[in-house]
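You will see two complexes here that share chain A, one where it goes with chain B and one where it goes with chain C.
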Partner chain A sequence: MSSNTATEHGQSAMRFAQFKLVLLGESAVGKSSIVHRFVKDSFTDSRESTIGAAFLTQTIQIDANTTVKFEIWDTAGQERYRSLASMYYRNAQAALVVFDITQESSLDKAKYWIKELQKQASSGIVIALVGNKLDLEEERKISKDEAQAFANELGLMYAEVSAKTGEKVKDCFKDIALKLPLEEKLSQQGQRRRRTVDLNQRPSTNEQQCAC
Partner chain B sequence: MSFQNVRKASQEKAQGLLLPSLQSPQPSVSVSSSVSIAGSAHTADKTTLMDFLGQFDKDRPEHHDKASGTSQHEEVEESEPEEPSEKEEAKIEESATATQPIEPEPEQSKQESGPATEKASDSENRPNEQKSADEETSVSLEHITSTSYGEGEELNDTSDSEEEEEELKASQKEELPKPKKQDDKKLPTDYPNPPTSNKKSVVFDFQKFLTMFKNKQCEPIHKYLRSFLTQFSQRTWTVDEQVKLIKDFEAFLYDKLLQYYPFNTIQDELELDNCKEGLEKLVLTRLYSQVFAPATPKPKQSPQQREDLLKDRKYHTSLKLYDWINPRHLDIPVSLGLESNFVKLASGEINKINNYKSPRDKIICILNCCKIIFGLIRQQQKMHQIEENADSFVPLLIYVLLQAKPKYLYSNLQYIERFRLEEFLVGETSYYVSTLEIACNFIIDLDRDKLTIEDEEFDEQLALAKQRLEKQKEEKKQRNEQKGANDILSPIPKKLTELIGSNSNESPSQVLTKSAEMMKQSISSSFNNLFQTSPSPSETPAKQELIDIKKLSLEEHEHQETMRKQREETTDALVSMFPNLDRELITDVVASKARTEGGGNIGDCVDALLELSH
Partner chain C sequence: MDTEVSFSTPNLVEEHSDALARHNSDGGYSLIDYYAETRREEPFTLVNPPHKKTLTRTESIQSLKKSRTSLERVQSKIGESINQEPNRLNAILASDRDRYGFRKSNHYVKTEDYDEWWTQYSQYLARRKKKWEKLMAKNGLLVAKKGSPTRFPARSEELRRYVRKGIPAEWRGDAWFYFAKGYDKLKDNKGVYDKLVGETMNMINENTEAIEKDLHRTFPENVHFNDITRNGITEESPLLQTLRRVLKCFSKYRPSIGYCQSLNFIAGLLLVFLDEERAFWMLVIVTERYLPGIHEFNLEGVNVHQGVLMLCLRQYLPNVWALINESSHSNNNSFLYDLPTLSFCTTSWFMSIFVGVLPIETTLRVWDCLFYEESKAIFQVSLTIFKLLEPQMVDLSHKRSEDDGILSAELFQMIQNAPKRILDANALMEECFRYSSFSKLSQEEIQNCKKYVIESRSRYNELIKRRSAVGMDEQERKELMRTAVLLENKQIGLKSMNWNGRLNSRMRRIQQRIR
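Then we have the complex of A and B:
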């Protein structure tokens, strides 16, 4: 198997890895706003999606020669689609579970998604619990300590951001990128699965006509 | 080994090994060849493959028998040696034209054979030419010589439950041949092109692929293809086996293809993708009636396919029970006025899904539908404070499905998931296919709790819908009973009249395609004669070519005409959607999009007009 050429060529080569990230959370917590902010604000040229903004991609540079591309899968947050969301988890390497720091119930919903992810998503998935609406600090209903403690307990990343002002949004994605199994992904990508095929002669076997 | 040698060896093999009993009916060990597909070393795969190999063995016909004539069925078929590549060519031609779902004709597969008595260990016999370091799996694609396209007697198999029968007949007799009616814009050569992105991309050009593929130099490839198709049709595979077989074969054929002119001259990555696309379409179009559950004749359905159809049935029932749902029930903050045109347009796109056979073409119907829905969201964004995201998209998609009622959506999605080349089912495409799966599953499991509705209203609406459904079922049953009686009398003549007689409004090429397909599937010996009108099958490439070219140009003309009609219809729809824009302007946009995208992508037109209307 040819291993990743980037690593072989050492420092000078650019390393590039792509990851799938699912976006989960109740409807009004502003999960897609976070992503839209991330996609628009980043310095790398943002790639418009072809169909619509429910699926977006954005690249982020995590060091001088490493670029990570996120494929961001938005999910419908309404209760009625809950049971169907597992279809989106397939092969996701990261999940952003968003709640609204001014909405007490939204953390409960977030907890539900996290449980779901831990049950159904691939085991190595990087999960970040993200409190949105940091700009509405005065209306905060969920303390940072409480949410942080919950995240720590389950071994999740925790961040608080403001999609409105853009505060900490990019940092959040960068932190996720740093936690992703980059090397593993790079070597996977390096192995271009090329299947070769053999044609050979085979002796014939006996055919037995079916009695029916 | 040098390229030349490889090529020579493969040619020899193709000519010498793949078709020996066609050319010389000797009881020969070289009748079958096997194809091994190598990849990384996964032991798990190996196990499944060995199982699979065994199954292949099971069905390998005894060639000694064939040659000595103990197998009557085969003897008949063998009595006229054929020149497969030419026949293949004719069929390739058909594939190009067979974008319409064509009513499946049951196949006569009387060659169910007994269990394998031995498993050939093929690694020793493998010619070193293709030995690869990382072999993992080997699939035997050994060749057998007779096609088993049957006469359709199994259609009248009455062993199964009445209900199922009814459902199947409904699917085969009524629904599949119909799309032509609702969508007569569709032409054989017409296949959709995706919404454009700013990525570098080429428009998929199947015609170009076929032109290359038909090259005489590719003859060995035609033989591989034919050999595979024949082998594949010999029995009913499980879905997993089908997937493995087809994917392995596609990979195999792609590698082979690149060894032959003109494919060996391709340098461009995108052109190579075009070849992969072309192969996928070619293979799956030809196998459609075996791998797409609703098109598979009942006797040949695998358990998994039956399950798919069961889901389809649930889905169809839901569509009927909940046809009264309005946007409010799904909390869609969009009022229906002008927007209903978007819904209509999106419905039209998704409903084309059954007009196409290749996974790619089906996917494009999905993407176009999604794109139009986003057009609606964008248009409504300001007025209704909705955002362009999954929260607003998914309910609208469900609503569009409830309006459009695309048939066999579940089976279509399964088919796409199974048979679309993995490397193409990624990113955005994968996202929207998954989202459609979510919408489809939502509809399948739809109940009161999933809607925003008062109990009273729900009960009332559901009761009414149930009444309608009962009535329909009753009518259908009666129709089928009559039909069933006719079928038992004479299935084939009826087919003929159905295909040729009643479809007099079809274009000549459509009738030609259909009847050709029918011939292929039902009367294999006549078929041979049909495409071998000349006494010596192998010596009239020019003649055949001429026929091909004529056929092509006819299709091309039809295609142009259809595209023009289609553009007119699109323009009409768009004019009603954007009343503030000039008709002339819209016509211009449609025309320019049609030129640039090769297919007149409707999503792009909507995009452009949305921009203009702001």
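Then we have the complex of A and C:
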């Protein structure tokens, strides 16, 4: 049994929770670039296309005593990867659905993904619609109002970012973290620590242990 | 030939294709010869890259000719740099690029590490080259000093050993093509590629759009795949222009695949070693013989191969399997339908045949074996990677405060990142083919196993389809899967049907004795 978390030692009320986040969206809208900006604070104009999926983690502090760790699945954008993508988002608690503000068709693809998530993903999933390439404002094809209205209508978060300049990328992840069911997660984690091992129960993948 | 080529797209000049076919059938003319004849005296002023606007026929022909000449230049440059004269090998130490034009260092491999490894490895390469030359001479195959053989010795234990120790880089393209029976393919399809080039030149569809998006995202770390800026004018890399043609032709030739992300990396790497037409046919062979189904539209082939890999892991690396198997039912095969989360990491191992997964020199050594030994090599190498990672994996799992039954983030990252540091291709290959319990894994076993996975998955999908008519949510789906498995175990006597490595190896020994 684990007893090494700060909470259990009662030192202070340091809280730590881990969440799964998946990135979806059309090919070449900048999913990997957003992740790399968030995780490594770097950007390259020549990023290789993602094959299958890539996995990264990043931790952010949302207030003085709360830390959230994101386990990020960055997926390939091509249409045919849809069948694989469902495996990635099945147990995700958050999704970033990305489109490119300079590519009209990319918003349609984003809408498809949102529908798909609402149908297939776990019901409490936090979805953010994210328009990337804000640095190419002069080439914009999708108005902020249009996308924002769509997000509002479906009750999604909405953000416009630039992976290239880094503008709003961190904020976007932080906003998601703030929307996640933190309390619920913490109590789940606590419960699991006290749980006896039940061999017949297949643990669902959204139960992540605390990796302190 | 198992697929008929359809020439239905009417977007390019009929007479031109006919003429091409004529030339090819009676004189073996290449496309370039033909274009040279039809060249008109117009100045060549193409400002936009060829894909940005529809070209007139003359422009297309001119640009194709120009691109092919530049490609030849690039390839001969690569050829020079992979020539294994000792001074060339040393030049790599002074450069920030490897002999194929890739950046030596990256996030996972430091320049010092690369140089240290290369100092040893380049000597090894020189020794191997001498041995290959002797082997060729012994088999009566003379190789000109700077040339490359188009024929190789007949298959034998000895040759297989040589291939496993690495084909000389300057012979690689020819050897791959020879071992993969590319010349038969070429002979059966005289003129087909040239015709496809003509037909696809101005083709625009979903596939070509996807190809455009990926072209500049193919090996940006390789200097030959970068655009060239001269006197303020940026010119597209000849390799990328060629890659575009190969991928477009492929998407037309294999409509069931079209364009699939990851083919860009396979075709791109092939183009470093083979000329355009042979690279195209090699891509065809890879997708139909070595990785059947993997790139098809529904990607079911990916899942099938993942299923086979999981069966192999269970069989040969039980300790690793214990860490990645998420199913609490230890004696059923439900993981074949509901693949372990691990398969997220291993998807690209198959789709791009380790490009971007292993360092490039290591990837090439795997490709050597693949084209000589069939797809089993991919499984053997995958298993070897897991075998090498096993101690670290077990270590990590001990550090976990409790067993969640699922793969932790740390394990994931290790499985994803550790292969990128496997520079020592020799160690990997030795482990794979000499010391491991799966070194004798046969293609037949893999085929049997694949058949079993395909059958199991289609039975499951059938069940799901029948039930989904009734309406079913996620929980019900899982429940159904569990009952389906129990049912299946009863009905088909799974244990006896189960793929059994030990039995297979006994059979093999018996067969060998008979032979």
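Things to note:
The rule we apply is simple: the second predicted complex is superposed on the first by the 169 of 212 C-alpha atoms of A that agree within 3 Å, B and C clash if a C-alpha of one lies under 4 Å from a C-alpha of the other, contacts with A are read in each partner's own complex, and residues count from 1 in each chain.
In this section, a residue touches a chain if its C-beta (ideal position, glycine included) is under 8 Å from a C-beta of that chain, and two chains touch if they have at least 3 such contacts.
Predicted model, so just to flag it, every value in this text is computed and none were measured.
When both complexes are overlaid on chain A, the residue A:S123 reaches neither chain B nor chain C. In the superposed pair of complexes, A:D74 makes contact with chain B only, with no contact to chain C. Shared-chain residue A:I51: touches chain B and chain C both. With both structures placed on the common chain, the touch criterion links A:S33 to chain B but leaves chain C unconnected.
Residues 1, 27, 47-55, 57, 71, 73, 76-78, 80-81, 84, 87-88, 90, 193, 197, 199-203, 205, 207-210 of chain A lie at the contact with chain B in one complex and at the contact with chain C in the other.
In the complex of the two chains, the chain A residues touching chain B come out as 1, 23, 27, 31-33, 47-55, 57, 71, 73-78, 80-81, 84-85, 87-88, 90, 191, 193-210, 212. Residue ranges of chain A in contact with chain C, taken from their complex: 1-2, 4, 18, 27-28, 44, 46-57, 69, 71, 73, 76-81, 83-84, 87-88, 90, 120, 192-193, 197, 199-203, 205, 207-211. Residues of chain C that touch chain A in their complex: 206, 210, 213-214, 216-221, 226, 260-262, 264-265, 297-300, 302, 326-328, 339, 341, 343-345, 347-348, 351-352, 356, 400-406, 408-410, 412-413, 416, 474. For chain B in complex with chain A, the residues that touch the partner chain are 10, 13, 17, 28-40, 57, 59-65, 71, 110-118, 120, 122, 125-127, 130-132, 134-135, 138, 140, 142, 194-199, 248, 251-252, 255-256, 331, 367, 370-371, 373-374, 377, 387-391, 393-395, 427-428, 431-432, 434-435, 437-438, 441-442, 449-451, 603.
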